[in-house]
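Labels run A, B, C, D, E and F following the written order; every chain starts at residue 1.
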Amino acid sequence: MAGAQPIEYSQAGPEVRAVFDDIKHTRNIPDVNNFWKVIANHPPTLKRTWESLKGIMAPGALDPLVKEMLYLAVSIAQSCDYCIASHTAAAKKRGMTDEMLGELLAVVGMASETNRLATGWRVPVDEALR
Amino acid sequence: MAGAQPIEYSQAGPEVRAVFDDIKHTRNIPDVNNFWKVIANHPPTLKRTWESLKGIMAPGALDPLVKEMLYLAVSIAQSCDYCIASHTAAAKKRGMTDEMLGELLAVVGMASETNRLATGWRVPVDEALR
Amino acid sequence: MAGAQPIEYSQAGPEVRAVFDDIKHTRNIPDVNNFWKVIANHPPTLKRTWESLKGIMAPGALDPLVKEMLYLAVSIAQSCDYCIASHTAAAKKRGMTDEMLGELLAVVGMASETNRLATGWRVPVDEALR
Amino acid sequence: MAGAQPIEYSQAGPEVRAVFDDIKHTRNIPDVNNFWKVIANHPPTLKRTWESLKGIMAPGALDPLVKEMLYLAVSIAQSCDYCIASHTAAAKKRGMTDEMLGELLAVVGMASETNRLATGWRVPVDEALR
Amino acid sequence: MAGAQPIEYSQAGPEVRAVFDDIKHTRNIPDVNNFWKVIANHPPTLKRTWESLKGIMAPGALDPLVKEMLYLAVSIAQSCDYCIASHTAAAKKRGMTDEMLGELLAVVGMASETNRLATGWRVPVDEALR
Amino acid sequence: MAGAQPIEYSQAGPEVRAVFDDIKHTRNIPDVNNFWKVIANHPPTLKRTWESLKGIMAPGALDPLVKEMLYLAVSIAQSCDYCIASHTAAAKKRGMTDEMLGELLAVVGMASETNRLATGWRVPVDEALR
């Protein structure tokens, strides 16, 4: 009873191929990674996830590198090993240096610590922050 | 059996006052917020937390606004209501617009969704990402 | 310093064997899986966990397949890799099709996304929902 | 520095009104709840979230009540108070009885317990489950 | 659509009363707190939860105060506000001083920070720890 | 794109070596484990984390074994596999027996279960606990 198998382009139906093509074109890469190949087992999820992601991660008020770093921070806080691996790579591709990664991880660690301190000490929200 | 009471400057001993003074001076604010007043119930935690935070959040390879936004993203992923309130305010003070907040929250939501998809589908890490 | 070793039937004392026998009989399986073999290192935990689980997962107002799917959803939200593997298998044994799994994972992902949106946006609970 | 304010229909622009109208029509309700009114502060998030949710929660291989219960289970595991309130109500509207809720909560609690036992005991995944 | 109502002793059936009586007797308290009154809406959950808790929290290889502090640490890590309030009180009743609470919270915060550092840096498990 | 590589003593600069030396001296061990070698990729994080940890885990109102067990409990609740492995070993070194570990894991599991029950049932905090 293994996990779901990745679906390769050659095995994929037209709906899945169309999404794979769009991912490869948008990102200028030769192949999609395992995340897309596995969720292709449920084509509506593949299509909706890609469309949402493409819209959300596009340049806007925040630049794409900042968005990738936010994505990585959340993935660490939620212990998603796959996502940490893939979004560390994606952020590096967009220009995150080792020094930036070091600082990002320090912020994530610090936030995690003070989150628990604020919750554990039952700190009441300040009037000015309500 | 209420939670720990905030410690006001007037009640505080010299060790706590020194930290409060440094926070107020560094941030140019008239008073510290409840987080600091409550953790002042354990002076070593107050001192260590402030010194760590001051070092980590200072300008470096990442600018302070990006750091505040990462802090906020982690606080949402970990459901810390106090921290969400205080770091939303802190990020706004550093220049986060409503549009930037809207995009940040969209990224946090999307990351949270794909974290669970990657984990639930048991996606194997790609060779290239190991 | 490896993790705790699984305890096989042949090595087990009578208290552990009695639980293993009941699991095998109730589920009509030839052997228990590693979860039970490992927690057998602490016999009171083995016994209590099995008795609680047997009671909770029995048919009731919810049918056993729905219960298995709820179990799987929680295990994904909490990033328990072992539990995701074992409860995906258990749900399939009870009739969960690939299409049902695909929809389950979509719901888990969506819930995870809107959980973070509601928390991050600090949405006040509606009067009618209090 | 309060949280984002809910946007009422009367204040909303045409893009937001179109989504509110579709929610009200689809669910046959006189007004949308606070979740939608607050995320309307970022119209692209409102539109995308509603469209994704409408697609995912529609009848399919899983019936809508089961989907609502899965949604609720995830919301509990992730401590989203707003979502617990709103999806408990939504599931009741779709037919969840008090007895079904009692069993759902028992399953969520049990899953949470065994998730931690499996992780804490470092149980190795069985060959047959890989 | 409020949450479930607490069930008072005077309204309770004999099965619930028997559990309430045992809690009051075991803990030597005049009334049970809201946790028990609310889960009494599902009597099998009330009975099983109390019996499990009574067994687990009894003196053993770990003394009851250490167990209460572990309970509190988990409740903070999982953001359960009710449980933080009730287990802080329970630990104080068993002898936890303010200084002990301060140190406990410092450990919880530190663990939370290094958990995220280890995960975010993708630290490989040492041979000796496997 | 592998994760960050561990930094061995022979490759390390003087700032990193000084921290490694202090860890080895304080703990009376011949080498530091991978956690320290990997976070040494960001020397300020290495230094600050070690100094904080050394202070927090020193004997105080709580003895070091209790602190290690609290650390382990949090690491399980947050699904940090590396930390579970390393702090199980550290607690054993400080005297945690198999029986104590069994009880610790039972408490963590139970807390996790009742955390979700309290949250899912939306239990209101008792007057006396506010």
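Methods note: a contact is a pair of C-beta atoms (placed from the backbone, for glycine too) under 8 Å apart; a residue touches a chain by one contact, two chains touch by 3 or more.
Since we're looking at a predicted model, the values are computed, not measured.
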item: Of D-E and E-F, whichever chain pair has more C-beta contact pairs; value: E-F
item: Chain pair equivalent in interface to A-D, over half of contacts matched, among D-F, B-E or B-F; value: B-F
item: CA centroid of chain A to CA centroid of chain C, Å; value: 27
item: Rounded Å distance, chain A centre to chain B centre (Cα mean); value: 21
item: Chain centre separation in whole Å, for chain E relative to chain A (CA means); value: 34
item: Contacts with 2+ other chains: residues of chain B; value: 1, 3-4, 41, 44-45, 48-49, 52, 56, 74, 76-81, 85, 88-89, 99, 102-106, 108-110, 112-117, 119, 121-122, 128-130
item: Partner chain A, residues of chain C touching it in the complex; value: 79, 85, 88-89, 92, 98-99, 101-103, 105-106, 109, 116
item: Chain A contact footprint on chain D (complex, rising order); value: 1-3, 44, 48, 52, 55-56, 128-130
item: Interfacial residue positions of chain C with respect to chain D in the complex; value: 3-4, 6, 33-35, 38-39, 41, 45, 49, 52-53, 56-57, 60-62, 66-67, 69-71, 73-78, 80-83, 85-87, 89, 97, 99-100, 102-104, 106-108, 110-119, 121-126, 128-130
item: In the complex, chain A residues that touch chain E; value: 72, 76-77, 79, 81, 84-85, 88, 104-105, 108-110, 112-117, 119-122
item: Chain F residues touching chain A - in the complex, by the definition given at the top; value: 1, 3-4, 41-42, 44-45, 48-49, 74, 78-80
